[in-house]
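Worksheet: one structure, shown below.
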């Protein structure tokens, strides 16, 4: 049985396909996001992280006798926004009680949505044209937080006692449940990343896995292609996008190993341990809890009118996928290319378009922004017009790519600058053609062997010739122009 | 008590507001009554003499300063001990909440305070409002002021007894399956369950959320109207609160019943004792004499209400009472781990009836049984509501007994839970439908004990319900 | 609970099921209590079987007495409770938090 994922030499693992000794993986993801509201889902205590314990509390948060929940309109709005952004249907919904005992559950039931969730039947398209179905997205309240004291490692097992802070209790969550359409660890990671980008874009959540405002649970099973779905295990405690991939990879390996050994997979919840790179059985409960769901009698039906739904739809910002398409079209790039993904993810796509609008060359701007603007954030300090001017100089042949890079470095360092003036100050001048031509001829004369090979069709031979011209010009020559001249000479002879 | 001295809530408020009687004086008379008989009756879990005196003094000061303390100025009112009072113990007559002081006031408590009322104490109840006799209290039963060998009814037995014994001019109870109307009938006072949502439940310790309502006990219909008006109205803290202002009833009390169609339910479930049945007949006669038209109606599903109730209420209760786990407040029995702590705390802290209903409710909701029990009961509920809606096309109000019998003796029904549940036969359906109901004293039955007649009306028709009650009150046998 | 004459016990609910239910509700019953609870619950369920006879085809469940919808509040902060007052009412508190014995047998 494989213990670690180093055995992936036998897994054919690409972004699009994953098999391990004939088995494929079937993965669904359940993502919980904390909504960016000011107050809690059912009461007016602040929805705030990092305050002194038990200071953001009220009778409803603590589940005191006599307390009653009242639904936060903004939570409904944000749930609708994210649902519509995921192409879900927004429907009439009800709340339900999920009954179970746990110290950080103040009422010993969680108010959630069961039969009729607010959003259903959506999808999320991943780069590479993979569509992952979204079964539902529903509202529910978060629990408090337990700290286990004593014992080792802050884990429950072996602790002496626990301390409970209810600041987080009642914070609004949306649980987004995907269909089991994911087939590779990379797809899972892409799903999480794209989902995060959408959540941030529509303002529903800051969706930070490291801070717990986005939590991912993975349901993993394996099967032979065409067979029925296998028994799945739920993996919890996955705290980063990278862990999503690692945990799923490990779990699939574990399950394949078991099936090959003739063992059956037990349906259970497992805990991902980032340190040892394995999933572990959580202490099994004596009896699986029967949650005894029933409709929450303290709340009434939520039935958003079509006008509200339409307004939310109309007010949605352009989503990341559409932004990538827009940027790709403007720059002539493939929509899944790294530059497009990176620049959009940094929220710098609008900037590139602004540079084009200011008369610059979009394709060059994209390259520069990708390479040099990593620290700039969504609102680069360099004025778009300045970068536009730089790209114009490049495209007009007045600056080589290397020269442009150096000018750009200064522009970025100074938060702007006149590209032409900076180039002149550095002594960058475009070489005029006749000067260039004489250097090319000199190189041909000096390297007859290389020239002969180049004319005979060895494309690599051009390197030596171009190198000689670059040396002679002290790096001022534009490599592309030199190559073009050599080719012209070759074709003419 | 002196004939000259105001004893009704209406009179007390008028006298205090107009500086004719002082709130302090009124209070002292009620405290004296408590001193004299509370030992025998045990209506209270907690008498708030000091707090009440301080409040009465405030009221008198306000009046002296020319301010109006409100429509209930100086009226001594008792509260069922399942309503949260900030900083004052609220026990629900359960060991599991012994000593707990809520950090907030129930909305009705705030409203009473704003109306100028003087809260004299927290009254005894069946533990967590589960019962029909107040014998399920962890602190001992309350006794019926008319005959202390008998029960006052339940679950709001303490509040009913407090008014019947003159300890308070009015009181608040809660009604989930009849827990105001039945004790009102047994104690010979007026008791009202308003339309569901008319009075805020914020701060009422929940028993069954879709059934619970707070309502008044009083010595007469006008007093009950006054108190109900003061406590009703939309509350933003309660999502099930109806979006309208306070009920407006007092002004129409004397309109009489001429032309009103009063329904007699011909297929009413049996179980009323002959004396109660006789008083009900006389009530119909009285209304007919007053100009009402008596019509026969049928409510075929009426009798199924008991079953629907005893599946729905315990189900909701099993969830509402899960929060009593020893973690954040109340009683805790220490144990090596949380599960053991829950077990020990709840087993020790809850009484037998509460445990019984929690188990029944847990069962009715559990996987595999939901459809047959809780799910089915919810559909029976809709059927009952539909039957009542049809009946209300032919009748404006309906009359039934409030309790099947007059007050029974302590211990009579405690060994057979089902027999106790039958006490609620006539009151339960209106909790299921959410319609209002009230009990009005109408003569006496066996052993000279009070009989109550129940008036039922459609949702938000408290006005016609009270008018009918006022007419019955005028014509009640002496 | 007074002494109960245990008559014929219907098998509408078994002691095993009652024991499971009690556990779900975090209530512990002695053997005697279990027997008695089984008898009483069974008796009640016998009575409650009357609703089996009703024809409820097409009758939807009624969870609420009143058909209100869309009750929501604005996303505005309201006053919080005083932590000291709340913790003073707690059975055990430490470091500004509620203290409980170790949590066992449950999810992390």
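Per-chain numbering from 1; labels A, B and C assigned in written order.
Heads up, the rule we're going with is that contacts are C-beta pairs under 8 Å (C-beta built on N, C-alpha and C of every residue); 3 or more make two chains touch, one makes a residue touch a chain.
Keep in mind it's a predicted model, so treat the numbers as computed, not measured.
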Which of A-B and A-C has more C-beta contact pairs: A-C
Chain whose Cα centroid lies nearest the overall Cα centroid: C
Between subunit C and subunit B, distance of the C-alpha-averaged centres to the nearest whole Å: 23
Subunit A and subunit C, separation of their C-alpha mean positions in angstrom: 43
Inter-chain centre distance, subunit A versus subunit B - centres from mean C-alpha coordinates, in Å: 58
Subunit B: positions in contact with at least two other chains: 100, 103-104, 210, 236, 239-240, 318, 322, 325, 327-329, 338-339, 342, 362, 366
Contacts with two or more other chains, residues of subunit A listed in rising order: 59, 62, 70-71, 101-103, 162, 164, 290, 292, 297, 299-300
Set of subunit C residues in contact with two or more other chains: 24, 26, 63-64, 68, 71, 73, 81, 86, 98, 100-106
Subunit C - residues contacting subunit B, complex: 1-4, 13, 17-18, 21-22, 24-29, 37, 40-41, 43-44, 47-48, 50-52, 54, 56, 59-66, 68, 71, 73, 81-82, 85-86, 89-92, 98, 100-106
Touch list for subunit A against partner subunit C, complex: 37-39, 43-46, 52-59, 62, 70-76, 101-103, 146-148, 151, 155-156, 158-166, 236-237, 269, 271, 282-283, 285-287, 289-290, 292, 295, 297, 299-304
Contact footprint of subunit A on subunit C as seen in their complex: 20, 23-24, 26, 63-64, 68-81, 83, 86-87, 94-108
Contact set on subunit A toward subunit B in their complex: 59, 62-71, 97, 99, 101-103, 106-109, 162, 164, 290, 292, 294, 297-300
Complex interface listing, subunit B residues touching subunit A: 83-84, 90, 92, 97, 100, 102-104, 106, 201-206, 208-210, 236-240, 315-316, 318-319, 322-323, 325, 327-329, 338-339, 342, 362, 365-367, 370, 374
